[in-house]
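Across the two complexes that follow, chain A remains constant while its partner is chain B and subsequently chain C.
What follows is the complex of A and B.
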């Protein structure tokens, strides 16, 4: 199965916010919801300045902390992207705490973030932000092609930006938003090494087992509904454990390669 | 992958309205037929909710006017996208274009014609029928005409239906006092300088040959914040190709952040920099000598003029490093003739702006840019006939941003009772573009003759014309004020009669014709029915015309008929234009080589006039001279203003989608200055100008990105119209603080960067 990804070229982005507007319009986002935020970045002291815009949005981590902590399956991975089914979101906000990039927001009691225009792309279209971007800072396609384009663009801007690099090739397990970064990640307010926060470990080791216990208790009280919930929790727990084992295995393999 | 998939084949578009998955695929610009609507997760996306209708039109969210495809389902517009066949949008749109539907569905819209029942300015109105409103307007206009002559009616217009009032109705009625803010409040210096220097207007679409350009110089143009779609596309592509970028701006703009060289110039000193650049180009023999010899005249006088204007001379004035001045001149020269100083757009800054723009064009000529690939092309108007109307009562329209009324024969248009324009063209200022701000005084003083009525179409008078108190005084004196608008803007409260307009997405409109490298004609058809009791401008102008005895100009009954007649002149029908993707692209003559030795320069000499004989004869400097402008006293800052990428003029601050993205403007204040004043980011302050005018509160943005001697805010905020439920009371109004302006003695432009403000912590 092919993995998909966005190309986000922060060397070209000129901060016009067309992407943010197209996203709101095309996806009919409710008032207050916004999946893309342009955040000015400035470094230095007048008149010796550098700067640009952070295009703050879901980065679609392969190793997505939000998916791991989501108790209802509202957040899930598909085609390498992190989808959100708001219908089953209960607004617990675990995802907002877990995300290493501080992306998901709770709007109208439910999680709110980019789902990579799931419906639009499945209908054969491009994500709305990509389709309208006047500066060609955004593209969307198969991840391997996006990565190749990102590397080509980095090479092309190296004369201007000696520190230029691709960000997201391996970070957080590999991002679904591959970023052409003209400067160090910190210069664009991006973590050099995005980590699943400690909290997630706490979640896995303490909160979830407790929740399982609680669920067990609730079986006695509320019957069938709770049985389903428990089944989901158990399934999720098993998945999380499997994922963790896989992650550790991967980490070990990577270390081995080094 | 990528943008390639955006190229929708013409045949795909021919299919027209479709239902179901194929329709959705078209709506999404997909090549493949879409899958059926997914079931289960989330609400059904709009493109699966029914038959998708797509209408071709031209965006009206800013005056740049990109071609769009407006997509509606069940009578509601959901998505507006760029038309891939359109030479401006090329399938993309800016944030404002994306928010067209949000603008149209703004619940604050004017919904019915209204007649004033309170005092002017109170905003108390009674809803009336169109018959009542138009009858009252016609009656009053005829009475004014009877007593003062038709010239006593002024017509101001902007946005996409302006033609019907400022051009068609004005000429038929017989007033030369029709004006567009795009002239003297925006581009008239660059247009007049261009006419004087190369004999050609710049035109609405600046003819920079971006595709081949190798060095781009911007003076105050903040591309990216000024989010004209095509220019952002062209600029970033040129940049990505490796073109050198030189940005001159007191502010580290979004474009400056992309620049290879940023020159943080002291405001008001640009002409000194330009003269020093000319000095370097000439003294170091770095200009295109062959081109200069063949296509220019006055070079020796220019060389003598700038001999002493060295980078060191300019450095003392501009507060720039002389080596940076020298280096950037050399970089420009290394890339000639694919090296251009972009003409800019809003260039009415200090009242000496025509001369500054002449210096810009002189450099472009020394670089050999005019008529060269990768330089500046010659634009051409598309071929299509005007509607065959009887001769107008006043010949010569109001002029747009690039036209000088009556320029063809050197005469200003004269009304039926023998009166020429009242704005002082050819008397107060040398040339002939209309000067909207100079039409306010005659409303108050009656000199040179009284203006008694004002029809305002889509111009926010109190956010665009400098000296708001004077405009209000004029509004109090007029016998008739009619406001035609979409929203209850500030000036609408001052009208006697309010006529609500249907937006461009709700009306058929005359075809849009663009003078361009590839001249083109675009269809403008409605996507949905007009909101409430709103009407198109053409309908209003015609109904008014029929009521004031101008039947002979309105033989056509609908604009479709008007358009069909025009299209017939080029062998087209509306249907054929629609089938071809909504745009007709014609061939241009962009380069010198297309003229086969003949001169494309329509100056008296047929050459680029580095030295202007016309200016010398009129007693003006024949070569650009640096004249110092007044400086802010200690404790005061020069007020600079400009764009935010998601807003246009004072028009879009209430549009829900755009309001969400940018609800209020900020005061850019140098970080060190802010610290010394005890101010930090987010503090709210008021501003007071040299005449005691106040505006605010506005949020402080303490930043390294601006010089210490100036402050900056985006234009169009600080609305105080109660009917604008989102924008009212948000941010500060730059217009309220621009009580002074410097009249350009050549073009009549209103230089507005001559106001100083101080920061007041409490209201």
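What follows is the complex of A and C.
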């Protein structure tokens, strides 16, 4: 099965926000929802300034923390991308806390994030942001081709940007948005090594199954034991009553003899 | 337990003893209802087939809303207990964390009691050692489930991945312990036919003599000395 990905070339992004506008319009997002945010990044002191635009959006992590914590399966992986079924979302907001990139938002009581234009791309089309980008900073396709393109672009800009690198090849298990970074990740407010805490896995893979298993086991054990134990208790009560009746009978007999 | 004489009720006869006053039964009902609401709505979230089944019957049902209503009721229980039976609330709290030699002996032989043998167990007071442990567990793990739940409810968006994982793990583990305690509670209620104690408030004196002889003795002592119980 082919994995798909976006190419996001931040050396070419001019911050025009056409992608963000096309995303809102093309996906008919409700008021308050926005999947792409362009954030200007400036570093250094004049005249030695560097900068660019952070294209803040879902990075479609392969090892997606939001998918791990989603209790209803509203967030799920498909074709290497992180999809969202808002009909199933209950708005618990676990995804907003779990995401190492702080991407999902709660809009109208439900999670809101890029789903890679699922309806369009599954039909063979291109995502709205890619179709609109005027500077060829965005592309969409099979992940292996996108990775090759990203490495080629990094090599092409290396002379101008010595710190240039591909971001997202292995980070968070491999991102579905492969980024051509002209500078270090920190310069674009991206975590150098985005990670999900081990405790998230413990909670999902150990605590929750153990909770269901141990509760089921306790019901099973007590269910079987209850029948035996109740019979034992009824028996001991009957014996006690018989013993008391016998004692009273003996006491009555002794009284009669007197 | 002379401290709690004022907790006792005078309603008793040769056949039965008043074990749970109206206030205590009300608090128990609210606690049970709210806990079941929380458990059921929590399971709906954890186990999607249950949610799908419930939604096929009641399409507009919201597990989140049920969970929040249940949570408010659950958190109101201590306040309600203090309001309707302050003495009983204090008594329950103190007794649940106070263990004597008979309690330790009782716990050593708890397996016999588990299998339905109450006769011959070390003498117990108003609460047997198992009930004390159960109530202590309920108090402790209710506190942890409430605090972690409040964090998940009100601090969403601020917890971060590690905070979310910690709060959710504590919440899940606390609920696991409380659910197993509930299963045990239902088990002993069935084995010792104890449901009527909570529905009517009374227990047969004959059975109280077997399971709580120190309590019966205390009541009789109070009765003989002219104090109400």
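Please note the rule applied: the second predicted complex is superposed on the first by the 197 of 258 C-alpha atoms of A that agree within 3 Å, B and C clash if a C-alpha of one lies under 4 Å from a C-alpha of the other, contacts with A are read in each partner's own complex, and residues count from 1 in each chain.
Following the convention adopted for this analysis, contacts are C-beta pairs under 8 Å (C-beta built on N, C-alpha and C of every residue); 3 or more make two chains touch, one makes a residue touch a chain.
Everything numeric in this text was worked out from a predicted model, so none of it was measured.
In the superposition on chain A, contact of A:72 is made with chain C only, not with chain B. Look at A:111: by the touch rule set out above, it reaches neither chain B nor chain C. Shared-chain residue A:156: touches chain B; no touch with chain C. Contacts of A:87 after superposition on the shared chain: chain B is touched, whereas chain C is not.
One of chain B and chain C touches more residues of chain A, and that partner is B. In the superposed model, A:55 lies in contact with neither chain B nor chain C. Of all residues in chain C, those touching chain A in their complex are 45-48, 51, 62-64, 114-119, 156-166, 168-169, 172-173, 175-176, 179-180, 183-184, 186-187, 190-193, 207, 210.
Chain A makes touch with chain B in their complex at residues 7, 11-12, 14-18, 20-22, 24-28, 31-32, 34, 42, 44-47, 49-53, 85-87, 119-120, 122-126, 130-137, 139-142, 145-146, 149, 156-157, 159-160.
By the touch criterion stated above, chain A contacts chain C in their complex at residues 65, 69, 71-73, 90-94, 96-100, 106, 196-197, 199-200, 202-203, 207-208, 210-212, 214-215, 218-219, 222, 225-226, 228-233, 236-237, 240. Residue ranges on chain B touching chain A, taken from their complex, read 1-3, 5-6, 21, 24-25, 27-35, 38, 40-43, 45-47, 78-82, 91-99, 101-102, 223-225, 227, 229-230, 232-233, 235-237, 239-240, 242, 252, 254-255, 257-258, 260, 262, 264, 645-646, 656-658, 660-662, 670-672, 703-708.
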